[in-house]
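Following this line, the structures themselves.
Note that chain A is present in both complexes that follow, paired respectively with chain B and with chain C.
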Partner chain A sequence: MGGSKDAKGGRSKAKAGDDKARGSTNERIVSMAEAVVKQIEAADNPSLDVPLRTLSNVEFNTKKRIIELGSSRASRPFFDLGNAKRFMQTMLMSSELLKLQEQQKTASIRDMFYHCKHTIEGAKEETFNDQSESDPVIEDIEVSIGALREELRVFANPAGAMVGPMTIRDTGDEITLNRMGSGGWAVPSIVEPHVIQFLQCKAKFILLIEKAAIWMRFNEDRFWEKHKCMIVHGGGQPPRGVRRLCHRMVNELKLPIYVLVDNDPWGYYIYSVVKQGSINLAYESMRMAIPSARFIGMSSYDAAEFNISPSVFLRLNDKDIQRAKEIRNYPWFAARPWQREINHMLKLGVKLELEALSNKDFSFIADTYVPQKLKKKKWLD
Partner chain B sequence: MGGSKDAKGGRSKAKAGDDKARGSTNERIVSMAEAVVKQIEAADNPSLDVPLRTLSNVEFNTKKRIIELGSSRASRPFFDLGNAKRFMQTMLMSSELLKLQEQQKTASIRDMFYHCKHTIEGAKEETFNDQSESDPVIEDIEVSIGALREELRVFANPAGAMVGPMTIRDTGDEITLNRMGSGGWAVPSIVEPHVIQFLQCKAKFILLIEKAAIWMRFNEDRFWEKHKCMIVHGGGQPPRGVRRLCHRMVNELKLPIYVLVDNDPWGYYIYSVVKQGSINLAYESMRMAIPSARFIGMSSYDAAEFNISPSVFLRLNDKDIQRAKEIRNYPWFAARPWQREINHMLKLGVKLELEALSNKDFSFIADTYVPQKLKKKKWLD
Partner chain C sequence: MRVRPVLGGMVWRSQAVAFRDSHGLPATPLDRATLHYEWLPVLGCTRTMSKQMTLDFASAKAQKAKSADAPPTSKNRNDDVMPPDKPTRSRNGSSGKNEKSVAEKMASQQREISISEFFAKNRHLLGFDNKRKSLLTTVKEAVDNSLDACEEARILPKLHVEVTQTGEETFRVLIRDNGPGIVKAQIPNIFGKLLYGSKFHRLKMCRGQQGIGISAAGMYGLITTGKPIRVISRTKRNKAHLYEIAIDTKKNRPDIMLDQEVEVDWPHGTEVVIDLVATYNRGRQSIDEYLEQTAIANPHAEISFVSPTGEHVMFPQASKELPEETREIKPHPHGIELGVLMKMLKETESSQVGAFLQREFSRVSPTVCRTVCEAAKITQRTWVKQIDSHGAERIFKAFQKARIMAPSTDCLAPIGGRQILAGLLKGLKAEFYTATSRSPTVYRGNPFQVEVGLAYGGDLPGDQGARLIRFANRVPLLYQQSHCAVYKSVLDSNWRSYGVPQSNGALPQGPLVIMVHFASVWVPFTSESKEAIADYDEIRKEVGLAVRECARKLQIFIRRRKRTDREGERRSAFLRYIPEVASALQAITGADRNRVMDQLTEIARLRTELADRELDEDGQIIKKRVRKDQLDDEHTVIVERDPADSKSDLFEPEDNRIIKRGVKSPRAGRKTKKTARSRKGR
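Let's look at the complex of A and B:
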C-alpha cells in the first residue's frame, strides 16, 4: 500500500534498494528469463528446469521435523508438444509477475489468471482456459526461483484475526494489537517483512485457535491480557497469511506457539500442517512450517480428564475413521504419544468440538481448560 | 468484553440501567417466561405464541422496500405431543440466554447448542439432538420477543473487514479505521450500540465489496482516502455483523451505500439480501435491511461499456440460468431496469467476475471502473 504512490513507476523507477526481498525476487525472475534468452541466442531448444512437486519427490525430514521437497527436477523444453503450452504460460506469467513487482502492487491468484488470459494472436487458442491452469504455473515459478508466493506479491483469500500485547507496523500504520476491540486486526494475506514489521512485543506465547467463534470467547474474556499472549485464528484451516505470520513471530520473536483445535482427525491435520507443512506445498515448508508448534488440545483424553458429559460427544462417522487411520500412518504422527492419542480417539469412537466445553460453562475453555493444560504442560509435540 | 469484569455478577448485579437495549432484552425474556408461569398458576395448558416464519407468512413491503414477516402466529401448547419437546426446548434456551445476558457474555449459536444439550433427568431423551434443533429455537425466541440475535448476545461466525476515514469505539478501545494497515479492522459478529460506537466519521459513502481479495485491491490503492469512503467486505455473502454494521452506519451516519458484486445471479442475490433482507430471516429486516442500497456493479452491460475482452467471460451454466430466472421473478426485482439487467445477462449467456477487470490492469477496478460508475451515477436501485 505504501508503495502505491510509485505504482506507475515502471522498472527503471522501482527502488530495488529499499526492499531487499523484493529486489531479489525481481532479480530471480529476470535471471530465469535471461537463461531462456541465452538458450535461444545459442539456437538451443529453450527449456525450463522445474523442481518436481509430486508425492514421490516429497519427504519428511525427521531431523528438522518438516515436510521437504526432494531434489528431482523436470525439464520443460519449448520444442515439445507436451510442454510447449506450459512453457509459454510460464514465460507469460513470469513477465506479468515482474510487472507486479515493478508496480509494487499485490494481486490475488484469481487476478493473475484473468490478467494473463487472452486469445493468442493469430490463433483461437487461449493463453489460459481456467484458473486450474494458472495456479500450478505460479507454483512452478515460486519453486523455480525459490520465492514464496507472497514474495511474488500474489495471494489467496485472507482470513483470520489477531489481538494481544504487541505493536506492529502494517504498511506504515502503527497498530497496537491490545486495543483492537472485539473485532481484532484482520490478518492480511501478505505478511512479509516489507509489509508487516514487529515493533514491540510483550507476549510470552501465541495461542492459535482453529475457530473464529472460539477466538471471540478468548478475546471477550481478555485471555491475552491475563496470560500475556497473542491470540490468533484462521477461520478453520489457517490460511497462508496466518501461518506465515505465526512462523515469523516464532522465529523472529522466539515465541512458543500452542495450537487449539477440535478433537477430530481434521483438527489433528490442521495442527500437522501448521507444524510441518503440507504435502502439496512441501517446497515452502522452510518459510511456513513451525516445527516447535505444540498441540494443546483437544485431546481424546480430555473427556475423562475434564469430566465432560457424554451428551456432547459426537460419534465418529466413516469418513472420520478413515481419515484418522490415514493420519495415523503419516510419518510425522509416528511418535508413541501421537499413536496413543489417535488410537484412543478411535477406541472411544467419538470426537469432541471446542464448543462442547460450553456445556460446563461459557468461559470454561478460557478460564479453566487452556490455563490448566498450560500449567500442567499437557500438550503433544 | 468490557463487561467481563462483572461476569460472575448474576442477575442481582447486572446493571440494567447501563445498557438500554440489553436491559430490555432481559426484561422481554423474563416477561415471556412470566406469561407461561401465569398460565401454569391458572392451571391452563401453558402455551407459547410464536410468529410464523414460513414462506406463506412473508411479504415484500413495496413501500418500505423490505421483506417483512406477516401477522400469522402459531400456538405451541405444552400438553400436545407434537409441541411438548419444542416447548421445553424454548423454555430451556430462554433460561440459558438469560444467563448469558446476566453474565454479560456472548456465545456462538453452536455454543448455545452444546450449552443446552444434556440428557433429561430420568429419561434417555436428550434436550437437543443436534444444532438443527437449537437454531430454530433461538429464532423462535428472537422473533417472539422482537430482539435481534445479536441483542440476545448470540452470534454466528464472523467474517469481513473495514477501513476508511472513521473512528469507532469497540468495547472500550478507540480504533482509527484509516490507520489499519493492509489487514484492516476485522468486523465482529456483534456490532450493537453497546459494543460499537461511532465517534467520528469523515466518510461520504460506504462501498460494500463482495470479495476479500477485491477489497484488498481497494485498500492497497487507498481508494478510501482518495474518495473519502469506508470500504468493507464480508468475504462472500456478507455475514450478519457486516450487514448490521452497514445498516447502523447508513441510518445513524446518513451514508449512502454502494454494493459491488460479481455479475452473476449470486451477486444479484447478495445485493438483494443487503437491500431488503432475506426470506428466511424476514423478521429481522427492519434491523438489517438497507432499502437505500445501490447496486454499483458489475452489470451485464459493463462488458460492452468498458470494452472488456470476451476472453474473460464465463459461460452461464444451467444452475446460473435457473437461479437467474428465479431471481427475475422476485417482486423486489420487478422494476424495469432490473428486468432489463437480468434478461440482458441471460441473453448474453455469460457472467463476469470482479477479478475479470484485472485483465485490463490490476488497478482498473479501483482507478477507473468504480470512479466512473459513481461519477456517471450508473447504478441500479
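Let's look at the complex of A and C:
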C-alpha cells in the first residue's frame, strides 16, 4: 500500500490565495463593466477579452505535470454579429452574479440559467434558450475575471460520494465519514476550506472509483475499513467538487490517490482529467489537478494477468478506437508505459468494464483485484 | 365581334374533310388541304373565306346545301382532287341487299350542317367545355371585343362587367363598353351568326381572330337557358337600339326577337347581356383572375367588375396612352400554306402571276417574283387562271426556297416596357418590378414580338411556385399552361443561376410573377379555344431571351437585397440587445441606462452604415456608383416596403417610400408619383 509523501504545497498557501480572490470578486465584476462603459463613452466598439478555452490554448506543463491555460485571449466585441448575443449574455449574467454576491447566496448553474432567462423586450427572442448557452457564459466570466466558480457562488449539480476513516466539518456540522451507511457522504459542489474542514484522518490513501455501482461494492465489503483508506466515486467523469476535495486531501493531508476506472479510452481520459486537469477547466488545473494520481486499473494487461474469461470482453467500436488514437497523441500520455498500455488495448481490440470482474466472483474486485494490484505496485503513473 | 359590313358567311359542304390550323403544322400535302366550300353571299358581297382557317374537326359529314338563300357558286377548283358530291359511307347505315337502295337511304339522312350546328355540338372547341369555363369564356369574348372596338376607334376603354346569379345555376353576364357602338343593321349578324367578323380576313394584331366568340357565347346562352342575347348599342349622334337576338343554329343566321329604340344615359357604346348556365368560382382560372390579368396587360383600360357575390372590384386606368394603331399586312410567302395559296389564286383580282405575287404578298419584290416564277417553271405573265394545283404546288415550293426579306414589323403594337410596369404596379403588390420588350422577329413569315415583365417580393406568396401569366395580343391565357411554348421557355431558363430556387421540371419557387406577352398578327394557338401558344423554335428562343434579360436584373436585386437584409439583421440584432446590455451595465456600475442606450444606438448606426457603404457581399470595398447603375434603367422599379415585422423601426420609422430609378413615371407621359404603392397600413 502506498502512502508515499510526494504531495507538496501547504494548506496555508492555498488558503491565502483563495481569500484574496474571494475578497475581490465583486470588485472585479464591477471593474470589468466599468471598462465596457468607458469604451462606450469613447464611442468604441465595447469588447470583452476572454481567455480561450480550446485545445489550441492549453499547454501541458511538463514540469508541474498539469494542463495549463495558454495566453491566447479572444476579443468579444459587441458590434459583431457572431458575438453580440454572447456579449449581451455575459453582461446580463455578470450583473446577476453580482446580485448573488451581494445577497450572499449560492445558486446552481441551472438556477442562474432560469434567473437570467427572459424574453428580450420588443422581440421574440429569449436571452438564453437553454442551459448549454448559459454555462459557457458563466465559465467565460470565471476565466475573464480570474474568479473561481465557488467564489462566484455558483455550482453544478453535485455528484459523488465518499466514505472512510475520517472526520470532517461541513458548514459547521461534524461528520464522521466511517458511519455513513450504504449511501456514503454526498460530496457537495463547494468544498472550499470555508465550507469543509478536515478534522481527523486515519486513512492512508484515497481510492477514486469511476462508477457508483462499483463504489457500492467496495463500501458494502467495507474495503475502507480493511485497508484504511477513503473511497470516493464521481459518477463517471468526476465533478469539480470531487476533484477539488481529492486535490485538497492529497495536498493538505498528503495522501496518495489511486484511480480505478474501466479499461477503455474513456477510462483513461477520466484518469488523465483527475491527474492533469481538463481542457475546458484548464484555468482551474492549479487547484484541481492531482499530478501524483496513480492509475490502478483496469489495465489492458489485466485480463491475462487475472485470467479473465474472454466472454466478458467487449469489442472496441469505431468511436472507441478513434478516441484511443486521439488520447494516445496527448502529451500527457506520451510516457512509454502509457503508449504500451493504449497500444495493447488497440491490439487486443477489446475493452473491459469493472463489472466484468464479477464474472469470477461478486467481491473479486474488492477482495482480490485491487489489493493485489496495490500490493504488487502494479499501477501506472 | 365588331364588324365591317362586307363579309360573307358560309356553309361547309365537305367530304370527310380534315383541315387544320395552317400554322400548327408544316406545309401540308395537297390531299390534306383539299377544301370544299361554297359561299353564301351575305349583304350581297362574296368574299374569301379564310386565309387562316383554324378549325380542327375530322369527320364532319355534310351534303349539299339546301339553303335557298345560298346558291352554290361554281368556283371550286379542287373538284379534280376530290369531287364534292361523292357520297361517303354512312356508319349507321343498315346492311341493305340493294346497293342503290342503301345509298338512297343514306342520302335521305345526309344533309347540310351549318357551322352553328357544328359548334353547338362541339362547343368545347370554343371554350364552353364546362359550366365554369363557359362563364369565363363568355366574359372573355365580350371583353376582348369591347377592347378591340375601343382601340380601333381610338377611345380609351372603360368597361363595366357585371355577373349576377339569377338561379341556382343560371347567371346573367352584362358587359358595357364606351366603344363606338355598332351600326344598327350589323347588330344581328355580329351577335347572331358564327364566323361573322371583321378580324378574320386581315393580318393585323388584334384580340379576336375568328369571328366566332361572342355569337358562340350567345348561342351557348340560348341553348342552355333559352334566352336570347340582348344587345343595346348606341353610335354617336344616334339613338340607342335594343335587340334581342336568337341564333338559328340550323341556318347560322340571326332570329330577331325584339327590335326597338331605347333611351340610355351613355353617349356611345355597346351593352351585351347574356343569360347562361354556369358556375362561379373564385381563384385560379376565374373571371376575377381574367379581369385582373386583363388589367395588367391593358393599363390604358378601366374595368369595373361586380361579381355574383356582390363585390365591386375596380381596376383603374393606369395609363392614358392608347396602344399604337397597328397596320394591316399582307401575308408573307414563308408563312403561307398551300391550300391558302390556292385559294388566293382563285380569288385574286390580278390576272397575271407576276402581279398576283407582288400585290397579294408582302416583301415580294420584282427580283423575288422573278426568282419564284423561274423556280416554279412559269412566267410572270402566265394567267392566274391557268395555274392548276400542280402549278400552285410548284409556286409554293419556290416560295420556300426563295430568299425573301422578313416582313415589316410595324404591324405590331407591343405593350411596351413602361406600360407593362404600369400594369404590374397596378395589379401586384411586389417590391421589385422589371420589364423588357424584345425587338420584333419572325416565325414562319409572321412577325411577332415578345415582352416580359417580372414582379418579385412584397405581398406575393413566396412558398409556392412562381405565377406565370401569359398574354397573347393582350388577352390573358388561363388554360393549358403546360402546353404553351411560353411555359416551356420559362421552365428551360436556369433560374437557380439567377438566385431563384427551381426544382427540375418545375417553375421557379418564390414570390415571383412572370408575365409574358406575345404579340403577333397571327398568334399560333394550339386550338380554337385560344389557350396555348404553339411551340415554335423562334418563339421559344425569343421568350427565353426576354425572360433571362429580366431574370438578370432580378438577380442583381435579389443579391443586393440579401446583403441589405443581412445588414438589417445585424443592425436589428444590435438594437435588440442594446437595452439588455444597458440595463446590465446600469445594475453593475450605476451608469445611466438611457445614456448608455443612446450611445450604443449611435455606435450601432455608425457601424452598420459603414458596412452599408463599403462592403459588398464578398466583403470587398466597391464603389456605390457602379452598383447603382446596374438597375438604373427605365424599365425597373423598386418599391421599398417594410418587412413584415418591421424590425428596424428604431431607424427611420417612415421608411416606406418608393425609389424609382430612372423611371420618370411608369405612367408614360405624365410625371406622377401615384404609382408609388406604400403599405402604411401594415
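Please note the rule applied: the second predicted complex is superposed on the first by the 309 of 381 C-alpha atoms of A that agree within 3 Å, B and C clash if a C-alpha of one lies under 4 Å from a C-alpha of the other, contacts with A are read in each partner's own complex, and residues count from 1 in each chain.
The rule is simple: a contact is a pair of C-beta atoms (placed from the backbone, for glycine too) under 8 Å apart; a residue touches a chain by one contact, two chains touch by 3 or more.
Keep in mind that what you see is a predicted model, and the values were worked out from it rather than measured.
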item: Touched partner set for A:111, first chain B, second chain C, both or neither; value: first
item: Touched partner set for A:212, first chain B, second chain C, both or neither; value: first
item: Partner chain(s) touched by A:37 [first = chain B, second = chain C, both, neither]; value: second
item: Which superposed partner A:27 touches (first chain B, second chain C, both, neither); value: neither
item: First, second, both or neither for A:171, with chain B first and chain C second; value: first
item: Which superposed partner A:92 touches (first chain B, second chain C, both, neither); value: second
item: First (chain B), second (chain C), both or neither touched by A:381; value: neither
item: When both partners are placed on the shared chain, which of chain B and chain C touches more of chain A; value: B
item: Touching residues on chain A, where the partner in the complex is chain C; value: 29-30, 33-34, 36-37, 40-41, 43-46, 78-79, 81, 84-85, 87-88, 91-92, 94-95, 98-99, 120-123, 125, 127
item: Residues of chain C that touch chain A when the two form their complex; value: 569-570, 573-574, 576-577, 579-581, 583-585, 587-589, 591, 596, 599-600, 602-604, 606-607
item: Touch list for chain B against partner chain A, complex; value: 1, 4, 7, 100, 103, 105-108, 110-115, 117-119, 126, 155-159, 161, 168-175, 179-190, 195-196, 211-213, 216-217, 219-222, 235, 309, 311-312, 353, 355-359, 362-363
